[in-house]
Amino acid sequence: MVKIKDLKIGDRPEMALKFQSIQIKKTTTNDDYASLIGFDGEDLIEVKIWSLPESKKDLLRSGEIYIVSGLIKDYQGKKQFNVSDFRIASDDEVDKSAFYEYAPLSKVELQTKISGYINKIKNPILHKIVVTTLKKYVNDYFEYPAAVTIHHNYIHGLAYHVYSMLNLSDTFLKQYQYLNSDLVYSGIILHDIGKVKELSGSKGVEYTKEGNLLGHIAIGATIVSGIAESLGLLETEEATCLIHMILAHHGELEYGSPKEPLMAEAALLYFLDYSDSRFASLEKFYRTTNKGEYTDQIFAFDKKSFYVPKID
Amino acid sequence: MVKIKDLKIGDRPEMALKFQSIQIKKTTTNDDYASLIGFDGEDLIEVKIWSLPESKKDLLRSGEIYIVSGLIKDYQGKKQFNVSDFRIASDDEVDKSAFYEYAPLSKVELQTKISGYINKIKNPILHKIVVTTLKKYVNDYFEYPAAVTIHHNYIHGLAYHVYSMLNLSDTFLKQYQYLNSDLVYSGIILHDIGKVKELSGSKGVEYTKEGNLLGHIAIGATIVSGIAESLGLLETEEATCLIHMILAHHGELEYGSPKEPLMAEAALLYFLDYSDSRFASLEKFYRTTNKGEYTDQIFAFDKKSFYVPKID
Amino acid sequence: MVKIKDLKIGDRPEMALKFQSIQIKKTTTNDDYASLIGFDGEDLIEVKIWSLPESKKDLLRSGEIYIVSGLIKDYQGKKQFNVSDFRIASDDEVDKSAFYEYAPLSKVELQTKISGYINKIKNPILHKIVVTTLKKYVNDYFEYPAAVTIHHNYIHGLAYHVYSMLNLSDTFLKQYQYLNSDLVYSGIILHDIGKVKELSGSKGVEYTKEGNLLGHIAIGATIVSGIAESLGLLETEEATCLIHMILAHHGELEYGSPKEPLMAEAALLYFLDYSDSRFASLEKFYRTTNKGEYTDQIFAFDKKSFYVPKID
Amino acid sequence: MVKIKDLKIGDRPEMALKFQSIQIKKTTTNDDYASLIGFDGEDLIEVKIWSLPESKKDLLRSGEIYIVSGLIKDYQGKKQFNVSDFRIASDDEVDKSAFYEYAPLSKVELQTKISGYINKIKNPILHKIVVTTLKKYVNDYFEYPAAVTIHHNYIHGLAYHVYSMLNLSDTFLKQYQYLNSDLVYSGIILHDIGKVKELSGSKGVEYTKEGNLLGHIAIGATIVSGIAESLGLLETEEATCLIHMILAHHGELEYGSPKEPLMAEAALLYFLDYSDSRFASLEKFYRTTNKGEYTDQIFAFDKKSFYVPKID
Amino acid sequence: MVKIKDLKIGDRPEMALKFQSIQIKKTTTNDDYASLIGFDGEDLIEVKIWSLPESKKDLLRSGEIYIVSGLIKDYQGKKQFNVSDFRIASDDEVDKSAFYEYAPLSKVELQTKISGYINKIKNPILHKIVVTTLKKYVNDYFEYPAAVTIHHNYIHGLAYHVYSMLNLSDTFLKQYQYLNSDLVYSGIILHDIGKVKELSGSKGVEYTKEGNLLGHIAIGATIVSGIAESLGLLETEEATCLIHMILAHHGELEYGSPKEPLMAEAALLYFLDYSDSRFASLEKFYRTTNKGEYTDQIFAFDKKSFYVPKID
Amino acid sequence: MVKIKDLKIGDRPEMALKFQSIQIKKTTTNDDYASLIGFDGEDLIEVKIWSLPESKKDLLRSGEIYIVSGLIKDYQGKKQFNVSDFRIASDDEVDKSAFYEYAPLSKVELQTKISGYINKIKNPILHKIVVTTLKKYVNDYFEYPAAVTIHHNYIHGLAYHVYSMLNLSDTFLKQYQYLNSDLVYSGIILHDIGKVKELSGSKGVEYTKEGNLLGHIAIGATIVSGIAESLGLLETEEATCLIHMILAHHGELEYGSPKEPLMAEAALLYFLDYSDSRFASLEKFYRTTNKGEYTDQIFAFDKKSFYVPKID
């Protein structure tokens, strides 16, 4: 199928595009039109749909893949796709996986890895709470990204982020033996559980109303507290410590944690979350920057441009 | 019964004292002794219990009232009570109510007033959640203070604080008619519900472990979320908005709210909580400061000393 | 008369417009032209006046109403009015009141309401200062808005803001009886008196040079101090307390108060000013946002978008 | 007369002392006693006056010089003077000037120096305002210190601080010729005029009620504005600029300026005030610190200890 | 030669332009083009070079002067120069000095002035370090600007900034005699020495890689420390104090000083650097603003617009 | 030898004590005496040396071990040792190692471990700089603590801190493969090299003058820059990157880094330094706190008390 990079002004292609950042606007003559971004799995193109009958408007969904046709125009030096027709693509005609970004590990691999850590949790109360929570949300937990943008914003990103942190935690647990590994593993596995309600899904991700008004930290605390209550474990030391870790995992009040870490295990959870989110963010920039040059501004590092050393 | 203000150096009184700020320490010879503050309903006196057998140590509880005897000594220009014997006072021999501070309204009055507001909540979902929550915690809700120190730190203080805010809210609801009164009333009534678990009780109040690790904001959110779930109402607009109001009632991230107000009703809740806690704090200082003079440093106003105008 | 909403590309209307945000710029050929916003009482339209003889340039005044004629063009999808001729409209041909926003109460109503509160000030010194000040600035006081943008930015806005605060203050005075109502009323009535010099007028409002260099807080303090001096009352307790309230009404140094509140009455003035300015701001956004949706970014709330609950 | 440094435990001296930091307290037997610091012109000693009849209490004034008699005791390794009798010293029996700190220049010298600068102000409006203001406050202006503690806290300190700044300003005026020297001189001379009402006097200095509630910045603005008004000059460009300079001379909102500098001359005033107050502060520390050692903590430099280089 | 101000749409000039802010971009057809700003010594013009063969791309250098030819077009109401050919201008055909901004004093004058101050340094160790450092970097030191933008951003700006500060320092040294003049002079002369490596040169200045990664403060410290070591003077009191002054000259940690001033001489260095950079910045704005008007936003003063008083 | 814990009031022991926190003060009779803390390898005791001839004063050195004799007194309920005679202990009579705290690994072990990492640095320039620097400072590097208090404040603490970070770094290098391991290892090994000049030694540690005025960050940069220069490697990419890492290792300007991390390797160095210093700090508190209890206030965590979970 034709690709964006091959399009020329005046072409009239039919091709598959994923729609993103959809906005419905009004023309001077007060008609609706859609302004959005199209993605062919490799490149982005600006898209306008000037004629938009009511019946078609409902088909527009951020993250969905369409078969579109229309005219390529020049607008202020850039190509613009004036789409005259579009319909949702079927799985047969398009390999949809090419349109989405995925974690480096598959869902099955992530489930195996994380299960391995769950089996290492010896404390029966923590084990019970973790297993019950994951069972309830198993589908979303292993599908969702970890964020709308910024870091791990790809399919399975949430679970991959958890797995990365578990991996890093082992060195710390070995070096600082006073840390309780059961709490550390449980805290890492559940710290972002609230994201299954904060985010809208695994594709074309945006914040839900609950996400905006409550946030994944408070949602996570109520999920775990609800499950602990249903298991008759809410009043246990384990539940209190685990919920504290979820509440405190952003590390500081100004980053949205209603409590700052007051346990060594909560402090470690914060450090690991902080580190993994930042180094995973950086990775994307390093992939597209040559040695000896500066990256674009990095949101996760206060919009600074990083330098990539010219050293082998 | 003898009062602190009448004691002289060398006296050997037997009298009723409430014990506060109890600390167990070691003498040079490695024996336990207790250092605490005694309160006779009017004045405070420093108390030392040098001889403290294991059997008696367990009797010491902050906020409890005792019959004590011993010797009044001079220590660095102040009276110190060296208690040689003490036992818990019975209700018969002491009018215990004189030892505690109470809200200006009685429990019954507060229940009547707050019930009046609950009846004004017309939205059935909000009404159901409020009624069910208060029913579950009715005893503590109408007994607890609103804080360890700072503001409304007296018996029934929590309910009185709620009632004051409801009272103030009516003028705002009248002036800004776009506000939803059902949400405002429900939010005010439940905003501090987490304090029934954050604080240890109505007398000799201190923070519980849950209070320290989770805080009343997150506890309140999990309480209301748990009750909404048990009523099958967790996924309603009403529950989400109400939990947002609880989470946002400290107004800013740095004051421990994981979300800042994103609804007009949540902003009003924050303003009323902020105002009532500060003006109730101020009241205590104004009671003990003459016109034309400065108060002591006020914790709720960044330790500033306020001036009381000499104006009739 | 024709309205903006009915204009079509190519029309050549003659109509009444209020001019705002006037900027004089240079064309490529170095001639002056005017770029501004036109308002017909309901809608806004972009206006260009390409031919602008020196004689007409002086007629351009922000906030004035004109009879204009010219051509409606399309510019980047929006209508643009290329005005070829304009003159100031007379009161006969246009109902000018339709072009301005007004407070919900009329000037007469506001005078009556505020006079009622002045009559409640029993302290003769405060009464004298308040009455003398208002007498001196009576015209501007009851005409001016309370701000250039943000809140109460309409005709009579200053007085309406004062009246709203007086209204809210009564509940607080009843609840916290240690507050001195004479000071509270006087402080509210005079707190923004400096705005009669900080702002340029009641229409097409902008900051004066004094406004920029001194600000309404310092101007207000010098106005009241000058009047107190002329009455021989500058050295009174009342004058000092009242000036303190004016200085402190922004509540914190970083908001431009050279002193933070050091009297309960000054703290209340700050809370009421803070609350009324924010809730009046919010009101405008709520009027144009449907239930279940988010408002535009609100300047008075750190550019946050508020959610309007879908609850009856 | 006997000096503090020669006193020994058990001595019963009669000597002259200036009283400072006077506090009236209660003994265990509920009698009044005074606790204060005595100064003999060179050293400090702790003083207690245990017997304090009502008639004598009124004699106690911070900054006053007394003839005292009593017993020298040892209290926790330090000498303590238990004063049994005291009376105000007459000018005949004591050289009072030895008890106070003075500026390096005399009142007459300062008047001459500052008059020289006033004569250099060519703008008639600024000259008129400056001359009229100084005439009104001439006594206090040349007697007062510039602060309670921190910097220039000695007799004539206010005028000496002004003179130092005028002196420094000449180099700047020469280097940056776009600065208006009339404004700079006028601003420096009047910037701290509010201190004549903020502080209680030239000896035993403390903050007045006006000082606490209004502060010298606002007081200064109202003084100059009042004088400008009485001269019919309030609406002049000169008065507005001068008052702006007074308001802005602390440089930042958080230091109590309600406006930050918006004129080059106001920025210079801020820099000079900032510099002179800090370097004058430092001077006192350098006098008592050897080369190669660290000073005590310096309040004006965030409590840092400065190092005095061992360099000739 | 023709000037920008005389150009008209449709002209085809050949003229001399200095190129600045050069950006290489891609056209829709994926060809390189250059977008830059041209400067003729008086005015700026937007330049596009649509045809840019590989051979010519390497000729483009920020700050270089070219002979260009092409067509003047109109782009959104502004003139745009579509350059079809360009080559580096020779010194013969263009008076290059007209294209650069210079300090008010010549290189020779600055060398004489600064040498005068070096001769006043009596301490042999400080004298040796200063002389050796300046000798090593003499060419760049007297050519470089003091910054990329903001202040003293012209040829010889670094040395002129040093000279201005030396000039101002004399008044302070006279007024606060406890200051060590040798340290003050040495510190001023060397405080910005790191800029000879932080900046790329005297024309078309930008930050070097070392500038970005190390900054002129740390570079300056290592330069002086290296020279002191080579002279066998690294362990001296003088070297330590001098390096401290360089490290501390931005005054606060948040402005990039790893140590805040801990010596009076370091504090003075900071004040003088702060003052001179700001007043030199202001000067440029005052030159282009009429009395009674506001300047553009000034970066060095938090983007505030300053008012230029209408006072003679 | 007798131990502090066995001493009783009235005892006259002869025993070995390490002296710490030595202060020379004046008695009322103006004689010198010493006030200090004694440490017997397990417990601390307050020590006074009232009789202190000039000859003995020079023997007093923080961190030295003495044989002392004198009388045990009671002072305000605590034991106080009034030392009448003391002399420096010889290695024969006392096992001095019992008086100091040591890292968990021996000097030899640390040298072996760190050498292992140095051998893994393949880049010849980085390898050369690291080896040359460590060779120059080998004795101090493996003896010094990492800080005066707070973290790793024991003998070999500096090297142990480095080893811990190297250990933790391996997991990160494996997980984020875009990181350059040579830079990471070199940066970790040299990041605190400036401490060999910032601190006074390995026993009785305090800040040197260079430490106070320059700090270990700037000292470290000048050390590495000096060595790179002596090797002819100063202008290399490797040296610039390595010095950047040293400068940036405190992560933020306000913590004393003159540059914030601008390379991924520098960000990792900061995270590892931050984490290891905090978790090593915590370890000491966990050793002395029971499960289910709170630690004392922890300086490295904003003086918070941490909770030790009661979970096995």
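Should a chain be cited, it is by its letter among A, B, C, D, E and F, assigned in written order, with residues numbered from 1 in that chain.
Methods note: contacts are C-beta pairs under 8 Å (C-beta built on N, C-alpha and C of every residue); 3 or more make two chains touch, one makes a residue touch a chain.
Because the structure is predicted, anything quoted here is derived from the model rather than measured.
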Keeping to the contact definition above, tell me which chains border both chain A and chain F. B, E
Shared touching chains for chain A and chain E? C, F
When chain C meets its copy chain D, do both sides use mostly the same residue numbers (more than half shared) or mostly different ones? same
Rounded to the nearest Å, the gap separating the Cα centres of chain D and chain E is 42
Quick check on chain A: which residues sit in contact with 2+ other chains? 209, 212-213, 241, 262-263, 307
Touching pairs - complete list by chain label: A-B, A-C, A-E, A-F, B-C, B-D, B-F, C-D, C-E, D-E, D-F, E-F
Can you list the residues on chain B that touch chain F in the complex? 27-28, 209, 212-213
Can you name the residues of chain E that touch chain D in the complex? 123, 126, 164, 167-168, 170-172, 175-176, 178, 180, 182-183, 237-238, 241, 260-265, 267-268, 271, 274-275, 278-280, 282-283, 286-287, 292, 301-302, 304-312
Okay, in this complex, where on chain E does chain F touch? 209-210, 212-215, 217-218, 221-222, 225-226, 229, 240-241, 243-244, 247, 253-259, 262-263
Which residues of chain F touch chain B in their complex? 9, 74, 77-79, 307
